[in-house]
Every structure is written in C-alpha cells, then in structure tokens.
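Following are the structures in question.
Next, two complexes with subunit A in common: one pairs it with subunit B, the other with subunit C.
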Partner chain A sequence: MSIFSSEVFLAVLGIALVLVSVFFPKIPTRTLAWIGIAGVLASLACLLGASAAETSLPAFVAPYYSLDSHSLFYKGFALVITALVLWLITESEKTLVNYSLDGQIGELVGLPLIVCTGMMWIASARDLITVFTALELVTVSFYVLVAYTRKSALSLEAGVKYLILGAAATGVLVYGIAWIYGATGSLTFEGISASLRDPSTGKGTLLFGIVLLLAGLGFKVAAAPFHMWVPDVYQGAPAPVTAFLSVGSKASGFIILTRLVDSLVISSTLVSVEVINLLLISAAITMILGSLPAIFQTSVKRLLAYSSISHAGFLLLALACRGSTRFDLAAGDVVAFYLGTYLPMTVLAFFVLCVARRHGRGDSLEDLRGLARSSPLLALLMTVAMASLAGLPLTVGFLGKMMVLMAGVDRGYWGVVGCAVLSAAAGFYYYFRVILTLYSGDNSQTSEPIQLSLLSRVIAILLAAAVIITGIYPRPLQRAISGAPAAALTTQR
Partner chain B sequence: MSPLEIVIFLPIAAALAIWLGAPARPTSLFAALVNLVIIAGIAFRFDGSSLGVGEFAHVSSRIVLDNPAISFAVGIDGMSLILALLTAIVTLAAVWQIVADKSAPFHIASLLISAGAMGAFLSTDLFFIYAFHELALIPTFLMIALHGHGDPANRRAVAWKTTIYLGVGSLVLLAGLAALVLNFSEGPVISFDLTSLLQQTSSVPAATQEWIYFTLLIGFGTLVSLFPFHSWAAPAYATAPTSVAMLHAGVLKKFGLYGLLRIAQPLLPLGAQAEWVQNALLIMLLGNILVMGLVTLHQSRLDDMLANSSVMHMGYIFLGLAAGTELALKGAVMLMFAHGASIALSFALCGRMRNQVGTLEFSKLGGLATNAPLLTVLFGFAAFASIGLPGLANFAGEIMIFAGTFDPKLLSPEKLSSLQWTTILALWGVVISAVYMLRAYRKLFFGTANSGHYLRDPGFSQRVPLVLLAAVLLVVGCCPSVLLGLIQSAWAAAKVASL
Partner chain C sequence: MITLNHYLIVSSALFALGLAGIIVRRNILVIYMCLEMMLSAANLALVAFSRFRVTDGLPDYSAQALVFFTITVAAAEVAVGLAIIVALYRSKQSVDVESVTKMQG
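Let's look at the complex of A and B:
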C-alpha cells in the first residue's frame, strides 16, 4: 500500500465507520474505535516502511502532491495523534455518551479519520488550492466534533463560536490566496517563490495577500491576535477533541506556515523582512497573551488552552528564525521538533483529564485536588506532563524550548527571546500550581481510588516514558524529522 | 558503563522502587550506602596527576543529539570527586535521620535531590550539568509546600518564592550558557561538551566574555543565594523538612559555585578578571558576609539563624572565587565541602530538637545539655566548625581563601587592592559568626533549664548520621590533605589558576 493510497483508505474507512454506526447501532462504539485505530496503525506501518524516494503516485495527483522529509514527518504526526485521540475517545466513552443527543457517538469515531486524511494531505500539498481544500476538510470535521456533546451548553457555545470565527477565518484565507494569485500569477509554492525574483511583482499587493493569509492561518494555530476563540472552544469541546484540536490542528497550520515562509523568505528578499517582522511581533504577543492570563485560570482545560497559545508563540519564533540555523535543524525542522515534543505531553495531560472526568471529577483545578491519593499513577503522569509543558530539563518540553531559544539567540532576536523567557517563567507558576493541587488536600476528604484498565495504563506509561526518554535522548526525533529512515537509527554510531 | 552512571541512576531507581511500594527506609539506605561505597572507592584509587587540562577520569559518553552536539557524558576530577563525596555522605546522613511515620515521600524527595546533585557534579556536558540540577526543583517545591514546617499558608508562600526564584535564576543561567555555547562554537557544530570547550584554543573577545560571565554569575549566584538574590534561601531552609534542608543547603546549593568554578572561571578568564565584574562580585559577597551576618545576629529562632548563617557563609566561597588564585580556589572547594557537612549536621540537630522540644525559640529554651550530652557535643562540633575553629574542616578552607587573596602576585607594594580590603572586612564576618553561634550554643544548652522542654540523646541507630558528619568535619579538619591531595593533582595544570 503506497502512502497516497493509505490516505484514501483512511477517508474510506472513516466514512464506512460512520455508516456502520448508523445502520448497525448494536455494534459497540469501542469496537469501531479499535477498528479505526487498527486502520491508522496499518497506515503508520506502511508510512514507516516507505521512504521519500517512493514515487508511485497516480498521474492525476502528481501536480498537487509531493513527498519530502517534512511531509513524511507531518503525516506520521497526524497518524499518531489520530490514533491517540481515538484511544482517548474510548477512554471517555461514558462521558461522551451521557452528553450526546441520542447516546450514539459513532460519528465521533469516524470523523477523526477524515480529519487525519486532511492533515496528511496538507503535509503534501504543493499549492494553495490543495492547502485550502484539505484544510477545510479538517476544519469542517472539527465543527462537528467540537459541538458533538450537545447536551452540554458549553460544548454548544464552543461549537457556535468555532463555526462562526472559523468561517470568517476561512473567508480571510481565501481572500488572501486570491490576492497572492493576483500579485504573483501562481498558486503553487514554487511558482510564488519564483515570481518573487521577478522585478515586476507588485510588492504592496503581495504583502496585502500575505497579511490576510497569515491572519487566516494564525487563527488555525491559535496565534495572537487571532487567539480569542481558543479558551472558550477548548473548554467547551469534549476533552479528546480538545487534544486533537490543540495538537493536530496546530500542526496542520504550522506545516502550511513552514512551507509558506520557506517560499516567501528563503528564495528572495523581496518581502522577507516584512514577513519575519510580522512573525516576530505575533510571536511576542502570542507568548505574553498566552502565558499571563493562564496564571489566573481555575479550569485546567482553559489553562491548557492558554498554554497552547503560549506554545504557539514559541513555534512562531522558531518559524521566524528563517533559513538555516547554525545547528543541524533548519527553522522548519525546529518547528517540527517542537511539535514532536508537544504531542506526548499534551495528550498525556488530556488523558488524565478524560479519566478524571469519567470518575466524576470536573475540569476545574479544585476537582483535581488530592488526585494523588485516588490514583498515584494518574498524579505522576500529570506531574510529568506539567513538568514537560513547563519546560523542565530532562523532559522533552525543555529540549523544544531550548532549541527555539538557541535559534532566537543565534539570530539575535533579543526582544522576542526576552518575551519567551518571561513566558517560560510564568509557566513555572501555572503548571506547578496544577502539580501542587494534585498532591495537596487533607486526609479527611474521601476519595475513591481510580482503577485504570491494563491497556490504558500501558499506553499512558509509554507516553510518559516518551516524554522523559526523548527528553534525555532526542536523537531519534531529530532523525525522524531530517528524514533518516528508521532503520538507519540503529546502525549509525 | 562507567561507575559514575550507576551513582547517578541508583538513587532514581531507588526512588522509583519506593514509589512502586518497596519498603522506603531499607531501599533508600541501601542506595545511599552503595553510592557512598562506590564514591569512596573511586576516591581511594583516584590518581589525578595523570589528568591533563580539561580531562576527566572514569569517562563515558553517549551521544544523544548530533548537532547541537549533546552527549550524556560523565567524568570525574578532583573537584567533582570532592563534591560527589560530599553528596554521598550528606545523602546517607539525610535519609538515615528520616523518622516520619509515612516516610516514603521524604525518602523519594531526598533521593531525587541527591540524584540531581550527583548528576550535576559528575556530568561533563553543559546540557546535563544544567538539566540534572533542575531535577531537584519539583521535589523541593512539593516537600516545602506539603510537608514543611509552620502553618500551611506560610509554607506555600515560601515554596512559591523558592521555586520562582530558582526557576527564573535557572532561566538566566540557561541564557548565559546558550550565549556561551553559541559564542564558543566556531563553524557549523555547536558543542555542549565541557572537555572540548576547555581544550579549545580560539579566544572570545573580552567584552563578550565579560557579559557572559556576569550573566552566569547572576544565574549561578541566584542558586547559591548570592546577595541581593538571596531572599529565597533562608525561609526555604527554615521551612523545609529536615532531610530536604540538609540536602539542599548542604549539597545542592554548592551547584552554583561548582558551575562558576567549573564553567565560568576556566572558560571566561577575561570576564572573571574584568574590573567591573570583579568589583560587582566583591560588593555582592560583602553583602552576603556583613549584611546577612547582621541579619543572622538578630534571629530569635534556631532554624532561622542556621538558614541565614548558611546564606552568609556563601560569601567566603565567593571571596575565594573572586581571588582566583590557585590557593584561594582550592580553599573555596575545601570550604564548599566543609560547609556542606557542617550545615547538614546543624540542620539534622535542629530537626531533632524541633521534633523533641517542640519549639526553637531561644527565649523559651535553656539547659538542654543536662539530659543530652551527646547532642551537646555534636552541636558544639557544628557550631565551632561554622565559626571556623582550627581543627575542624571549615577552618582549612577559610584560611586558604584569606591567604589566597594576599597572594604575592596580587599584592602591590604601595596600596591594598579592593580585593584585599574586602578580605579585611570579611574577616569581621568571622567575629559575627562567633557571636551568634556561641550565643545560640549557650542559650540552648546551658543556663537554667526551662520547664517542659527536654531533649534526650537519640538511640544508637539515630546517632550514626550525626556522628558520621561530625567525624567527617574532624578528620578533614585535622588532616585536610585527605581532600587537598585530590584537588592538587587535578588543578596543577588546569586553566583555572589562569593569572
């Protein structure tokens, strides 16, 4: 099975799962979810077995579709997060059924696979129209997913907010694409990049288009000043969907931004200064507006929403360190590396929230008080996730932050690096506050022990191990990004 | 596999085992004992004379990232060996003296702090030197906030203050280390490896060296409670559970000084010698010795007094650093070891008294010596060591530092330099220490006994950690060459004494 056909397969599987859940409601959702996970893992296996050199693409997609080390990494990323989100859905099945309208959550299992197809396609897109259609496949599916638990007012509110603002952002995005096409006469990344070297290209027109495009994409990745929707939507959406939104949607936005910045900045200097400055300004505001409000949050989901905003700021800073950095990872690779570090720790945090929810605890910080006595394992997992999100050394979160900061220092972006340090310092407070809450609480409170199934325990411990082991031994992650095939990892040095 | 890797990971493995349900006390005692045996074995067979500039013994290196080149590299030389020995001794004493009912969290926290300190002292890669130090942050935070002394609101406030101070201090440190690594790496490969950085010949311009050194001084200084970044330390040590206070004040705080001696001083010699950096350091360390000395003088509780005195004594070690002569730097390492052992002993005794007597107010106590002759003698050891009485380890370190600042190479015939004036002022700190320590000793142990407060000598088992620390102070004090022999050989050729 080639990579391309595995994407088609996932879309078909997603539709099939939705149909099966409609016509055969007796089949338990859990079974469907595990079928979905199996499909995703099969695709992942075929991705790991393939290499970028594989060129067996059908002729009709070749103009719109390409494979390089980045697209392979982001495809793998999409597959991993989809499998984990499906697992989170099985973990919080009880909650989801309670809050869904008819007690059926079949679509919730099928739609992530379609989102996954969209994210994989985005990673390979060569032109803005393909980007747009694939991105809409992702976004429209998310409209459904966010509002899925319709008995909850918060979820409904989140759905409406996401729908209206998302549609507006889509409009801005299309408008920007149109202006860029008007200025450069091309829709492919290569064509845009080539036309920048043409002296007759109108700079003003092009910049207007770029600003619109960055605004539209800024919405998707939760970059300030387009981040207002994030806290409400993250809080209202079901926890597995929030995790998907926070990791998957962000990654899709950043692969597009990476390709865009590559084509706009590296090949010529026509608009590079303006684009870099836009990114730097947005990065600085995003870090500050993400981390300072996080200090005052009382809901862990909202806190993670602000944390997601502040992480987007670090990613934007990485993106602004254009060209190659002095170490092996180019700016786009640092972005991918950071996202790679962001995945396990975020999923881990949302896993704990899902399980706590299942056992009658809410998402507020107070609801997690004394979790360490109910379940020492859950408390430890959350501690690892929070330590990593805070960027404590020996966890993977530190490495991501360190790479970004070093790239920023290397480029001499002192102002933004200062904002990053401030944001990280604030992070010590709000992430540690969660840790303290887990372990405090007096003995008088009765807290029933939380039992986890063996499988979920194993997966969660693997995630925590990934956070720590990759934090100490990041080489495989770097190799995965720079495109070395998996087999080479073990043989070299 | 290098034995040093075992030393680093054994405490972590033991902590994990305790978390999984292994009996807390035997497991952690076993890990601490094995570590002490391994380190003592290494020290016994250590021959530093074969090591050249920036070379380490028992090295082992595993690449974890290609570029920036980071490897999990361990190695040992005289200085790190002495600090590893201190870590092993204090860890054993700290876990031995834990007597709490539900003792598992105390053992886990102590072991993690110990592993962090070991890792920081034994790594030879800047990344891991930095990273291991941070391992202690969460255990320290949780232990102060949840199991500290005093009322809950207060100990939480102290925990936050400590964590934010240490967190921001380490971010400043990280910025300094990143600048150092980026400036020192010529060409495409950015290396964090200390050995290759030490052996590098290309020079970085003086102005760059100065501000990187200053950034590192502030970053490391915050972790060592250098005045005016010291205000986290005294409340943290007074509030923390005894074992955490022993390990943090005794061992972990030495990390900042170790970092300055290991990284900043040899790599940035021009920065260390720059006049404005030197003067800033002298003013700050005088703040430690004199201002904090006077603050210590006015404490009315034993734990507050010990915590403040620990901040104060850091000033002397910084004085050794400021002098930068071989004698003064050796004295600084010596004093790091001695202070670690003496403050750990003080906090152990203080914790014992808190448990038995229930209060540490000087005004409410007196005549404790009647029923506790052994504790009286041991407290005498700790107090006299802290003052700097000859025959105990601290004296050796202090006299070397003071003499080192009057090195012939630093003396000019006409007038005394600012360094020597600082030494003259710093000597008054010894008088201040004598005043508060002797006053505390008299008030607590002699005079009329107050009703209701009794102190008894501990049983045989609980004497071991206290006697161990006192014996270390005595042996090293009477025979400093035991330790100096280790440093001498390593530093004879090192860049450190780069005058």
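Let's look at the complex of A and C:
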C-alpha cells in the first residue's frame, strides 16, 4: 500500500460525493453521508493495518513527509472526527436542508472528506510548503462549510468573518515563512533546526518570522490575541461544522505547532527561550480571555466557543512544557493526549445541540431548560460532556487538565499555572450552569419527548462511555499516542 | 545596484499597506484586495530571498516553489471568497463590514 493512498482516496471520494449530489439530486443525502463514513472507516482500518505492516518511505519524500507515531495518531484523529462529523450531519439533516439555499446539502457531505485529506497531510508534513498547502486545503474548505447554510443570516455573517480573518492569518503565515526562510535558508523543519545551531544565523530576522508564523497558527488554533473570530464563527456556523472546527481545525494547528516547537526549541538554544516565553504569555492570556467571558454567555454555542478558546490555552501551556516526561508520555504527547480527551466530549456536546435543534429548540441556554424531561438520555449525555469539559474527576477531561497542570508545575511556570487554575475554576461555574439548566424548569411546561434512533443512541452512549472509561483507565489512549505499532515502523527506517 | 534590502523594503511596505487596509477599510471587496496584497508581499520576499541565496551560481529554488503554491492557493481563496461575498451582497444588498455586525459580545 502506498503511503499517500488514504489521502488520495479520501480526496477522490469527497469530490465524487459532491459530483454525485449535483448530478443525481434524487439520491438522499443520508446515503451519501453513510458512503462517506464507510470510506473514512475503511481508511481508518487501512491505517491501523498499515501501521503494523511494512511501510517504508521512498527517499525523495523523506524530508517532506514522515510517518512517526505522532503523525499516525493525528491521522487517526482526523479520520475519527471526520466520521463523527458526517454522523452529526446526518443527525441534523432536517435543520441543514431548511437553511441551505436549494434544499441540497451534498457539498456538506463531500467537503469534510477533503478537509480530512488536508488534516491527514498536515499530520505528516515535515516542511513549511507542505504545511502551508495542506493547511490552506483545510481552511478554504472550512470557508465553504461555515457559510453553507446561507438562508441563515448568522451563517453567512460567520462565513464572511471567518473568510476575512482567515485570509489575513494566511497572509501573515506566509510572510512569516518567507522571513524564516530568509534567516535560515531552509523550508524543512530539519533544515531550520540545523541552521539554528549555526551561530551566524540572524536572530532578529528569525524571531520576526517566528512571531508572524506563530500568529498565523495562533489564529487557526483560537489562541489569544487572535481569538476574536471564534465566538461569532462558532455561533453562526451549522452545529456539525462548529464541532469540526473546534476539534479538527484545532488539532491540525497543534500538530504543526508541536513540530515547529520541536525544531525550534528542543534541538537548539538560539531562540528557545523567546519561543517558550511567547507560548506561555499567549497561554495565560488565552485561558483568561476564554473563561471569563464564558461566564456571561447565554448561547450554548457561544459558551462552547469560549470554552474552546480556554482549552486552546491549556494546550499552549502543554506545548510550552515539552520535555516534561510524566505519566509515561514523552515530550509533546501531552498535547496529543489533551486533544484525544477533547474529541469525545466536544462531539457529545454538539450532538445534543444538533438533536435539540432538530426538535425545535434553539442554541440559547433558556431553550435547553427542562431538556431532562423531554429526553433524560440527552440530558445525561450533555451532563457527561459538560462535566468532562469542566474537568470533573473520573472523567477524561480531568486527566487532560491534570497532566497539563503537573507538567507546568514540573517546569515551574507558576504564573501560567495560576491562570490555568483560575480558568478551570471559572469553567466549573459555567459548565455546571448548563447542567443545572437542563434539570430545572417547572412541571407545567409540556415538552414533547425526543426520540433518538437506535444507531445514534448507540454511538452517543459509546462516546459517553469513552469519556468516562478513559477517565478511569487512560492506558489505551496513551498507547495510541506513544504508538506501539509505530515503534516497529521507526526501527525499519 | 538593487540589493536584497531594496526588495525587502518594498515587500514590507506592501505588507504594511495590506494590513493597514484590512483594519481601516470598510468595504469587504477592498479588504479582500488588501489581503491579496499581503500575499504578494510574502511572494516578493520569498523570491528575493531565494534569488540572493546563491549556491553554485544558481538560486535556491525551494522558496520559489512555495511561491507557485501561494499563487495557486490565493486563486482558490479568491474563488471561494468572492462566492461568499456575492452571497452576502445578494442577501444584504451591501458589501460593507457594517452589514455583518449582527453577532456581538
């Protein structure tokens, strides 16, 4: 099996699904979505099989493309979130059709596959050209996805905002790459870190480039001070797309940041202090600016947007603590672990929002009042998601937060750890407010019971079980990150 | 004699103008033009850095390869972006940033 095969396969499948939906509008979207999910799951099976089998890279792609345990984990991550987003799209099909221009949502099924191709490519990228191109594949597809439900004024507005700010971030990113190239004379991570050991490299030029590059990437992962777009875009975009943005876009930004910090910090000392300081400052601001406004939100989607910002702060702190080796996780794996914990709880929360929306409830906190009476199961799922996002012990969110905090304490970053504790404490307030709302409301209010199909009930319960079981026994997730199969792969090279 | 610094000064000026335009201008189409200007600034810097890093009498071509990717990506971005802006104009009869301020807070 060739190394690019699953990326190419998904891109072709995505284009094919869009074309089929255009030329054969009779075929129901649900069918197309399930074909997409089948394709994604097939790639996932190939990935799991291939990582154990013999996979060797041709010499000419080796400087640009890698298959280490990290890239395999992030590839699997991209596939899982894509499959779940396609499932969320089938769940909220009715809402999406209502708000799309001609009642056709075929592109909404095809485009996530193309985003997935980009995210898988980013996971393996070893040079800035690949990073840039794959990142843009993801971003441009997201412009379309965010603005897709054009009948809703909010979605269009979110699309325009994301477009303008996203394109500005792209410009800053490329300009940063240009200056890094000017300082180091290389576009591969290896070449950059090699030239950092060379004392003749111009430090000022390099730092200018790095700051711009970090700013561009900070936009993609919703880090302060480049987080202004997040609440508006999350609120306006269709709920499945918001889930995808929140998890997928963040993960692809963080894999690039991990590799970048790897090549800038670990192997050299020329700019490592400055880069770490930048990350720490950004982490502190992000956590504070994410959690404090979240307290005052009345829309659950906006609340989740601010929560996503504050989680980005935790991830940045984890990134700055690279090299701390607690919990059998090597450097940078804490970031991957945190993202792995973030996936199930976020998807679960958005699943509840999708179903509530389908049954005529809006996104605001008041609309969810008394949800427990119409559907005890949905309320329970939301409770699990919110408790885990807050970081309640025995949920997976607690483990992620604890690991980051311990790593920060190990390194002695007390100021930022203090901000993190504050942010987590504020989190307990606003996440539990959601849970309280679900279970409150007077009995006089009659609300029709919400029925879920057997399949969606099974998937949702599996997600909730993943949140709790991994919270008690995290070993499988740790093993997926440190990559038992990938160990065989690295010895081969 | 035109040196690397001259190119970099022009490129920085283009980038600064583009960034200022995004912040100051109110028309989304003009903002979009400013965004393209930022990308052009990056392209100019890349080509200049590449041209002046000569090894064995030849410039280092890796950065010029990135320029081609940037141009292609910019074209794709314009295609999607203009479609979204047209959709905005159809629904609001305006391409002013004031027309997209429904969500606040």
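Just a few scattered comments:
Simple rule for what comes next: the second predicted complex is superposed on the first by the 466 of 493 C-alpha atoms of A that agree within 3 Å, B and C clash if a C-alpha of one lies under 4 Å from a C-alpha of the other, contacts with A are read in each partner's own complex, and residues count from 1 in each chain.
Quick note on the criterion: a residue touches a chain if its C-beta (ideal position, glycine included) is under 8 Å from a C-beta of that chain, and two chains touch if they have at least 3 such contacts.
Small disclaimer: the values here were computed from a predicted structure and weren't measured.
In the superposition on chain A, A:393 makes contact with subunit B only, while subunit C stays out of contact range.
Between subunit B and subunit C, it is C that contacts the larger number of residues in subunit A.
Of the two partner chains placed around the shared chain by superposition, subunit B is the only one that A:473 touches, whereas subunit C remains out of contact. With both structures placed on the common chain, the touch criterion links A:172 to subunit C but leaves subunit B unconnected.
When the two complexes are overlaid on their common chain A, residue A:421 makes contact with subunit B while staying clear of subunit C.
When the two complexes are overlaid on their common chain A, residue A:465 makes contact with neither subunit B nor subunit C. Looking at the shared chain after the overlay, A:187 reaches subunit C, while subunit B stays out of its contact range.
In the superposed model, A:147 lies in contact with subunit C only, and not with subunit B.
Touched by subunit B in one complex and by subunit C in the other is not one residue of subunit A. Note for the complex: subunit C touches subunit A at residues 8, 11, 15, 18-19, 22, 28, 31-32, 35, 38-39, 41-43, 45-46, 49-50, 53, 60, 62-63, 65-66, 69-70, 73, 76-77, 80-81, 84-85, 87-88, 91, 100, 102-103, 105.
Listing the residues of subunit A that touch subunit C in their complex gives 128-129, 132-133, 136, 140, 143-144, 147, 150, 153-154, 156-161, 163-164, 167-168, 170-172, 174-175, 177-179, 181-182, 185-187, 231-232, 235-236, 293, 296-297, 302. Listing the residues of subunit A that touch subunit B in their complex gives 326-329, 376, 380, 383, 387, 392-394, 398, 402, 405-406, 409-410, 417, 421, 424-425, 428-429, 432, 435-436, 439-440, 472-475, 478, 493. Residues 19, 63-68, 72, 130-135, 137-138, 141-142, 145-146, 156, 159-160, 163-164, 167-168, 171, 174-175, 178-179, 181-182, 185, 188-190 of subunit B touch subunit A in their complex.
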